[in-house]
Amino acid sequence: MNAPSYNFAYLDEQTKRMIRRAILKAIATPGYQVPFASREMPMPYGWGTGGVQVTAAILGPDDVLKVIDQGSDDTTNAISIRKFFGKTAGVATTTSTAEATVIQTRHRIPEAPLHGGQVLVYQVPIPEPLRFLEPRETETRRMHALGEYGLMHVKLYEDIARFGHIATSYAYPVKVNARYVMDPSPTPKFDNPKMDNCPALQLFGAGREKRIYAIPPHTNVVSLDFEDHPFARYRFDAPCALCGAGDSYLDEIVTDDKGGRMFVCSDTDYCETRQAAGHRGSESAAPHREVAHG
Amino acid sequence: MVEPRSDGLEDPPLLVAEGLGKDYGRLTACKDVSFVLYPGEVLAVVGESGSGKSTLLQLLSAQLTPSAGRVSYRMRDGMLRDLAALGEAERRFLFRTDWGYVHQDPAQGLRMAVSAGANVGERLMAVGWNHYGRIRDTASSWLQRVEIDTARIDDAPRTYSGGMRQRLQIARNLVTEPRLVLMDEPTGGLDVSVQARLLDLMRNLVNELGLAAVVVTHDLAVARLLSHRVMVMKDGRVIETGLTDQVLDDPREPYTQLLVSSILPV
Amino acid sequence: MIDVCGAEKTFMMHLQGGIELPVVRGVSFRVEPGECVVLSGPSGAGKSSILKMVFGSYRCDGGRIGIRHHGGMVDLAAAEPRQVLSVRRSTIGYVSQFLRAVPRVPSIDVVAEPLTASGMARADARDRAGALLRRLNIPERLWSLPPSTFSGGEQQRVNIARGFICDLPILLLDEPTASLDAANRAVVVELIGQKKRQGVAMVAIVHDDEIRRVIADRIVDVTAFASAA
């Protein structure tokens, strides 16, 4: 540990115990939002203080930490969180999905299948899926308690009425373990199927709203839909321009100032791993994306 | 004297209020109200502002806990149940399916930012309807029944006139074919011509669907047009009750006579 | 069909310092099927009040109003509101002195309503309503209009049509011909004759001596019941 003025992983032991209790309760009631006493962290709320507190509470000295932001290991946000834990907990960090034991994420689930023993920690801005239509917290809590979820379908109905299909493509609501409806945080709905029956433990932390919820390993997670408008993943017209993957979530990137653009994997580790294994896409001749050195 | 047969007279009561009362500290908003409502029967509760009408409606719908007495309701399985003894989930389910509640202010009974179709469809989705096309068709046929142009199905009630909002609220309530509808001043705040249209519509729907209803109103013309029976309230108590034409044409109590004499002929 | 026995009615006028207004006492008469009883007496004698007591709109302060209903006798003076409603649905029809129409409802539906209310299909009910309106000389172009803008005589004919359309065993008529011309009075007399032949028991109030002579099987003088006497 190279910063002895901090407690391990920044938070004091009592706070971590409090958060762990909330996590245990969340695991015991999959999809249910457990309130916790969120602490101030040395970063602004928008930076995922909820996820950071969850990570701080579960991290052990032997853990290997990966942090991604929109699938990328090299955004300012991802780098600073990784540095933060490197400094306060002295844990090993990685960009490899396969090697990590704890992955903190904002807006994506890695493309490579997760395995047992891994923990995926989501940063959540707004944990309440019903808030869109019912702003009263007392009422939404009662709706969860009684399993009254008609309102969720009202939102999907509105989508279809307005756009002809369910246009919600982020934060697409799911029902966990056939009981609680949950907001999967602003991940694209492309990632929703990965939450179902996932071998890894999934934890969700909302700092500003002081809520923690969880999906234990191998839990049933169903995306809400209508019989005549079933949930559909998301289809990309072309494979990744760099690694040729046809099964990954793509970001559009601008390649030059003349309007040139291409579609590449948003999961940088996935893309690079594939390229290293010799997979090629249509633009592979073009210069590689810059890889930052976290 | 031989009891007459048929005509639904042997139907058991749908709603039974026994000695209902509500105090707010030292103030008595409602006291010792008892009545029985049968399927298909419309009861008007009249009285002036502050007479306890809305309090009564809230007691009947279990939104308020009575200080005294109780309300029982015959569930679809035929059992008469004390509302206070129902679990919250059961009560709320009843509220969304077997009951309707029409607020004086449609903004309280509608989701103003959500399309008319979804406003009507919400109760269906709440009871598990999961087919968009069928939900939409049902919503659209209800819009027709309440005389709203189906071309407006995707517009939010924000963009509707007062009369349309009230009709939409009625459609939203009736879509699950409830057996009991509670209405608090359903025509309040509307122009006379708009009121007439709404009343006519409500009369027809109540007849067609065989709804039982409790209608709170201070407008005796509304009571006259919609109800079979009238209950007159004053200072939280029922002072007179009977068939609508009996009470309005032959009022007995001083207060009822005053009410009847202070309106234009209806 | 009707057996009124010792019925009485007093109005208590609370707004006029609680004065008591005795109207009738000891009202007793019977009406058999196919019979038309006409109530007579000067204005204010209580004719309309008695009719309303028989219909159940006015509550009695004493006595009984026996009505044969579904094969039994019901005392309307003591009946529950639901029972009164049931009697009105299937036993007693009433043609009031003035039409009390629902706003916005077309005349033809005002007339057809008693039939649809008792379960007849709308189209059939409208057919019968139309036939009756035609017979009462209401021009077809008026059928789709609400009667609120009609002349007094037109409104009264709509009212009569509404009262006569049902096949109920008892019919109460309060001055059905008051504002009608000779031709339409004759139609009403014809309609009453037809009801009689069908065995309907009727109680009527008519001021016109000639009409009274034609329709009355028996005249009951209401002054005999005047309680002020």
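For clarity, chains are labelled A, B and C in written order, and residue numbers in each chain start from 1.
Going forward, contacts are C-beta pairs under 8 Å (C-beta built on N, C-alpha and C of every residue); 3 or more make two chains touch, one makes a residue touch a chain.
What you see is a predicted model; the values in this text were computed from it and never measured.
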| item | value |
| --- | --- |
| By mean Cα position, the chain sitting nearest the middle | B |
| Centroid comparison with chain B (C-alpha atoms), farthest chain | A |
| Inter-chain centre distance, chain A versus chain B - centres from mean C-alpha coordinates, in Å | 47 |
| Rounded Å distance, chain A centre to chain C centre (Cα mean) | 77 |
| CA centroid of chain B to CA centroid of chain C, Å | 31 |
| Residue ranges of chain A in contact with chain B within the complex | 133, 142, 146-148, 150-151, 153-154, 157-158, 160-162, 226-229 |
| List of chain C residues in touch with chain B within their complex | 11-15, 18, 52, 56-59, 69-75, 81-87, 89-90, 100, 102-105, 117 |
| Residue ranges of chain B touching chain A (in the complex, touch as defined) | 88-89, 92, 96, 111, 114-115, 117-118, 121-123, 125-127, 130-133, 135-136, 153-154 |
| Residue numbers on chain B that touch chain C, as the complex places them | 1-9, 38, 41, 196-197, 199-200, 203, 207, 225, 228-229, 242-243, 245-246, 249-250, 252-254, 257-258, 261, 266 |
